[in-house]
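What follows is a pair of complexes built around chain A, which joins chain B in one and chain C in the other.
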Partner chain A sequence: MAQSLTGPGGRAASPRFRPDLMPYLFILPAVVIYLVFNLGPVLASFVLSFFKWDLLTPTAEFNGFKHYNFILNDERFWGALSHNFIFLGLAVVIPVSIGLLLAVFIYEIRRGRVFFRAALFLPAIFSGVVIAYVWKWIYHPFAGVLNPALELVGLGAFTQSWLGDHKIALYSTFIAYTWASFGYSMVIFLAGLQDIPTDIFDAARVDGANFRQKLFRVTIPCLYDVFTFVVTLRIFTAMGVFGVIYILTGGGPYYSSDVIDIYVFRMIGNFEMGWATAAATVNTMIVVCLSTGFIKWREWRSWSS
Partner chain B sequence: MGKNRFATQMQRLALIGLVALLLGLLSLGSVVAQEATDVLIWSLGYSGDYNDALVERFNEAHDDINIVYEDVLTGTFTENNQKVRIALENEAGPHVLGGVDVGANLQALVSTGQVRDLTEYYRASGLIDRIPPNLLSQVTIEGRIYAIPQNMESVGIFYNKDAFAELELEVPTSFEEYGDLLEAVKDAGYYGYTMGLAGGWPSALMASMFMYSSAGSEYIDVLSGTQPWPDCDNCLDGLNAFYGMVANGYANPEPLGIDYDQSLDLFYQGINVMVLNGPWFIDASVSADPDFEIGFFYLPAVNPNTDIKTLGGIGGSLIVAEYADVDAAFKVLDWLTTEEVAVQALREVSVLPAFSIEVPEDIDPLTYQIASETAANVDKIGFWPVTYLPPKVFGDMNQIVQGMIGGMLTPEEFLNEMQETHSTYLAEN
Partner chain C sequence: MEFVSSDLQRRLRGAPFYAMLVAATVITLVPIIWVFASALKSNKEIRENALALPQEWRFQNYVDAWFGASFDQYFFNSIFITVTSVAIVLFLSSLAAYSFAKMRFRGNQMIFFVFLIGMAFPLSAKLGPLLSLMYELNLANSRIGLILVYVAGSLPFAILMLRAFFQGFPQELEDSAALDGCSRFQFYLRILLPLSKPSLMALGIFVFMGTWNEFFQALLLINEDAKRTLPLGLNAFQDEYFTDFALSFAGINITAVPVIIVYIMFQRNLIEGITVGSVK
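Our next item is the complex of A and B:
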């Protein structure tokens, strides 16, 4: 049987028209932007890491793996990386858990849902710089509100030099980070919750499931893919954390809250582009490995179960 | 009749010629006026608002040059240095730039060929006789002069005069007296020494002040890399004296928990009665408008035999971009180094000129005192550590000082760690 050469409207289809190429045309602008502004700089940074260059001199001197050798033998690099991992460990648990619990709370309540959703999401829309300055004053040892508030509620024993004590400075910056980031997790979980068919919750309720059982047996398994996305997002942000820490402590005192991006920034500030890009490349590879590994692991678990 | 007609035609021609000549002259004049060369000045130092009238006067007096003056100081010094280097490299920056850091920054600009050699200008203008030799050496690279020291700084103790009067305290003349003073201040319930080191600045500056105060020019050898840090016993004495500010309770608590600006608030609020700072503090304190009068004295030397009185040096310097029009830029330099401009800066924002001028007596008394004392001691001022140290090592020094103040390192360990950081950098470069 001969194929029709007319479309639904009866007009003859152009022989040059290739409907199968249309999706590629639609994504072309985004791909070009991604290649030029994302992948391009990453590749340029990788290439630069093999050269000694001060950003200004027209010529760069090839240095082989010397920069990698330097940073991999630099205890400050490893110190900064270990802080990133501490941050990561905390970031995939605390802001994610807070976000999940608040999303469930907002999902469950009947009144004030819009208000709570907006109020709890509010910190997430502030600039990181604003948040850091707010927390800088909250932590201020003389004029801050945190220590007096702790004393007021009988927790005077917990008053601290929040940013000045090297043992807790990193964790103090993490509190500010958490305040700024749980809102994102919350709205993503909330969107995921709204996608779960309500009859599943109704069935659980009819079966007599309590809050804990509903959370762990129904809600969390149904949010499996959302969890993957939220945790992957936390991996990116925790390994690339910069602004909050830079403003609050500058990586100090004595490198105790230093992270890779501050390490890199310091190198760029000193026009040591080779060292800076080598450190940035190592960090990028770690982030890619962590996030890809995590996603693959989640896919494998999903498939095997 | 014919003769008259000829005469009339000649008159018309003459008139047309005259009009044409006038129009020609007018257009020539406008072309000449349009040929005034724009000279873009960037200021990385104090706000140039006070300069507006001076710039206007210069432009009115010069048909051939039009100065465009822009304040571009935003962010940290590092960020500004980056901005300047990139702008000059791309020939998109200023023709004349004020407030440039000397030391590694100037060397980097010179090594990339972005800065004009001013050696001949110095000789032709007579400026060479107006700049003290130790300042001149800071802008001289391999025998050539590349910058004009613009303003001079020296660090000392600013104090709350009212609190001193209330406690019947005198300005100390020796480090022992300074110790007694701090003890008296502490007993009276004040903090004597203001310290806010979160974020880095001014950790290395403060530690350097005490090391200069004890080791003098020996500390310059250490900074220059010609003497190992741990071998400088006098540096260790200076560090111990600095650490004593915290250990003896002379400084405000939690020096690592507050930053520089927050620490100054403690002084302005009368909680702390002394703050180590440079002349830029005068202008800042005027804006803060505290309820008390402010006095100034140099920190007495930890080691009375030291050959350096205080820390300071060139606050900022003038450079000319390689791509600038030389004649126009040099005329602007002539103007920027006049006594008129220098006095205006001194009067308006307490900027101490680096070249010799007669300090006028009718200025703010504190400014007058510091300007006079700085001028008198110009050959006994040790330069900023960043003049000698590579920027990376200087940045690390800020963190290492924090380690000492936070009790994570002893002063001996501080010197060892500085040696390791400094020598590693030099070996890698």
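Our next item is the complex of A and C:
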């Protein structure tokens, strides 16, 4: 009775006797697909890392921390993890700085902003597989272009086996990663710059600030929240790097460029699901702690200053 | 007079920035141009001089890759999987986002939060159980299975983005539509979706790129050659024809060109999709 009195326009006005099912119907298909094919497997990975697996099938046999015991004593796990951290350390500095500088340059010019933004962002649109193969051929010992190019400009001393030397393979993959990722930082910084009121920059110019002073005293402080976002994005991509390294080196030579996601993938391929899920769980906890810890720290810092 | 000189000054001030940008653009684009040029060379030319431009344009490499190395099949698979995924993501996420943004119901905040959690996990967090699940459901090695996984992966971001956008819609719009006897589904279909075209475009392009390029999950879930997407095909091809450089370059381009075309056509939409997260 109450329902017909309120009419269709006054839905929220009076308490209902029959629960309104429409909102649930609208979210239902998304919820089901999301739970079954995304969040469910994530939670299952955590739970099942404590159970024995029979090849691809989890069993009901509780295994305690055995899988964790194995991976935490596996030097390859620690090797892979340390490479992720090297990647992360480089990733929050190099592509982010390049992206910031290019964004500032584009912001400073008048004509051609759209062109430079589009051209410099181009590598970021490609699949990791395409990026990796472009660089695989650049680095290639016979057909590659980097070594002949170095010789051409008189830097022949720097020619080397870019992907075959265990001391530099990881860094060679990082160059490919940088090429494909500074564009993300750049477009996000540029969007952030365009949100800053221009009179702040005008005031700095009137006060006679030079480029460096403007960058460090005005631009970077104004982009505080954008920095938080850009660096958080780097935490996720650096800790989850897979395709580029998988194709360029496969984690080699001698595991010198191995990373967690390749480690997990290899474990699954060997049907060692217990170890794979345990390693994935440790990695997940690290990534969640790093990203939320970083965001909280940034919030606390901006709040306390 | 003063106007002119200040204009000149301003231009001179811009010169170093232009110089830096041009240098950066050249460094960024040279590898891409080189890959395109190399795809037109013969194997012999590539081996003898990797730096040289093609002596004559050999489009045969593309023909060989397309027909001889099953890139036609990979291309079809990529188109089918990507377009279907984007369509499903747009439909389901807009439906759910409308509910989250505009309807009051028990658990609204909590269920939305459960979606948000999905963005905090690295990809590898779900892979093991996902693979067993797909075998269990007979969805491993299946294009439909891959589509479901891609849709599930894109939903959190899509719902977050559209919910924020729908929240900006005035409540009066919905109220007056309701007074005219418009049901909520009709409102969604006839009014909300048409008014959200720019946001749906940005989201659609963003999801298209991510799905077209995806490699890790596809590598895990697809083994059969006939079901491979382009990134998978490129990877498998490499193992098979290890020394066929020219064909490999053509394969890279076949994988890259569709995203370049979409990028050129929808550059603004894509960048909007990327930067929307940073604004709030």
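Quick note on the criterion: the second predicted complex is superposed on the first by the 259 of 305 C-alpha atoms of A that agree within 3 Å, B and C clash if a C-alpha of one lies under 4 Å from a C-alpha of the other, contacts with A are read in each partner's own complex, and residues count from 1 in each chain.
Simple rule for what comes next: a residue touches a chain if its C-beta (ideal position, glycine included) is under 8 Å from a C-beta of that chain, and two chains touch if they have at least 3 such contacts.
None of these values were measured; they are calculated from a predicted model.
Judged by the touch definition given at the top, the superposed model places A:I33 against chain C, while chain B stays out of reach. When chain B and chain C are set side by side, the one touching more residues of chain A is C. Of the two partner chains placed around the shared chain by superposition, neither chain B nor chain C is touched by A:L155. Of the two partner chains placed by superposition, A:V93 touches none, neither chain B nor chain C. Shared-chain residue A:I109: touches chain C; no touch with chain B.
Contacts of A:C289 after superposition on the shared chain: neither chain B nor chain C is touched. Look at A:L72: by the touch rule set out above, it reaches neither chain B nor chain C. In the superposed model, A:A203 lies in contact with neither chain B nor chain C.
Contact with both chain B and chain C is seen for A:F142 once the two complexes are overlaid on the shared chain.
Overlaid on A, the two complexes show chain B and chain C touching the same residues of chain A, namely 56-57, 140, 142-143, 268.
Here chain B touches chain A in the complex through residues 78-79, 82, 85-86, 89, 108, 111-112, 114, 197-200, 253-259, 262, 265-266, 271, 390-392, 395, 398-400, 402-403, 405-406, 408-409, 428, going by the rule given at the top.
Every residue of chain A that touches chain C in the complex is listed here, in rising order: 7-9, 11-12, 19-20, 22-24, 26-27, 29-31, 33-34, 36-42, 44-45, 48, 56-58, 98, 101-102, 105-106, 108-110, 112, 116-123, 125-130, 133-135, 137-138, 140, 142-145, 148-149, 152, 179, 184, 187-188, 191-192, 195, 225-226, 229-230, 236, 239-240, 242-243, 246-247, 260-261, 264-265, 268, 273, 276-277, 280-281, 283-284, 287-288, 291-292.
Listed in rising order, the residues of chain A touching chain B in the complex are 54-57, 70, 136, 139-143, 161-166, 249-255, 266-272. By the touch criterion stated above, chain C contacts chain A in their complex at residues 10, 13-14, 17-18, 20-21, 24-25, 28-29, 31-32, 34-35, 38, 46-47, 49-51, 92-93, 95-96, 98-100, 103-106, 108, 111, 114-115, 117-118, 120-133, 135, 148-149, 151-153, 155-156, 159, 175, 178-179, 181, 184, 188, 209, 212-216, 219-220, 230-232, 234-235, 238, 245, 248-249, 252, 255-256, 259-260, 263-264, 267, 270-271, 274-275, 277-279.
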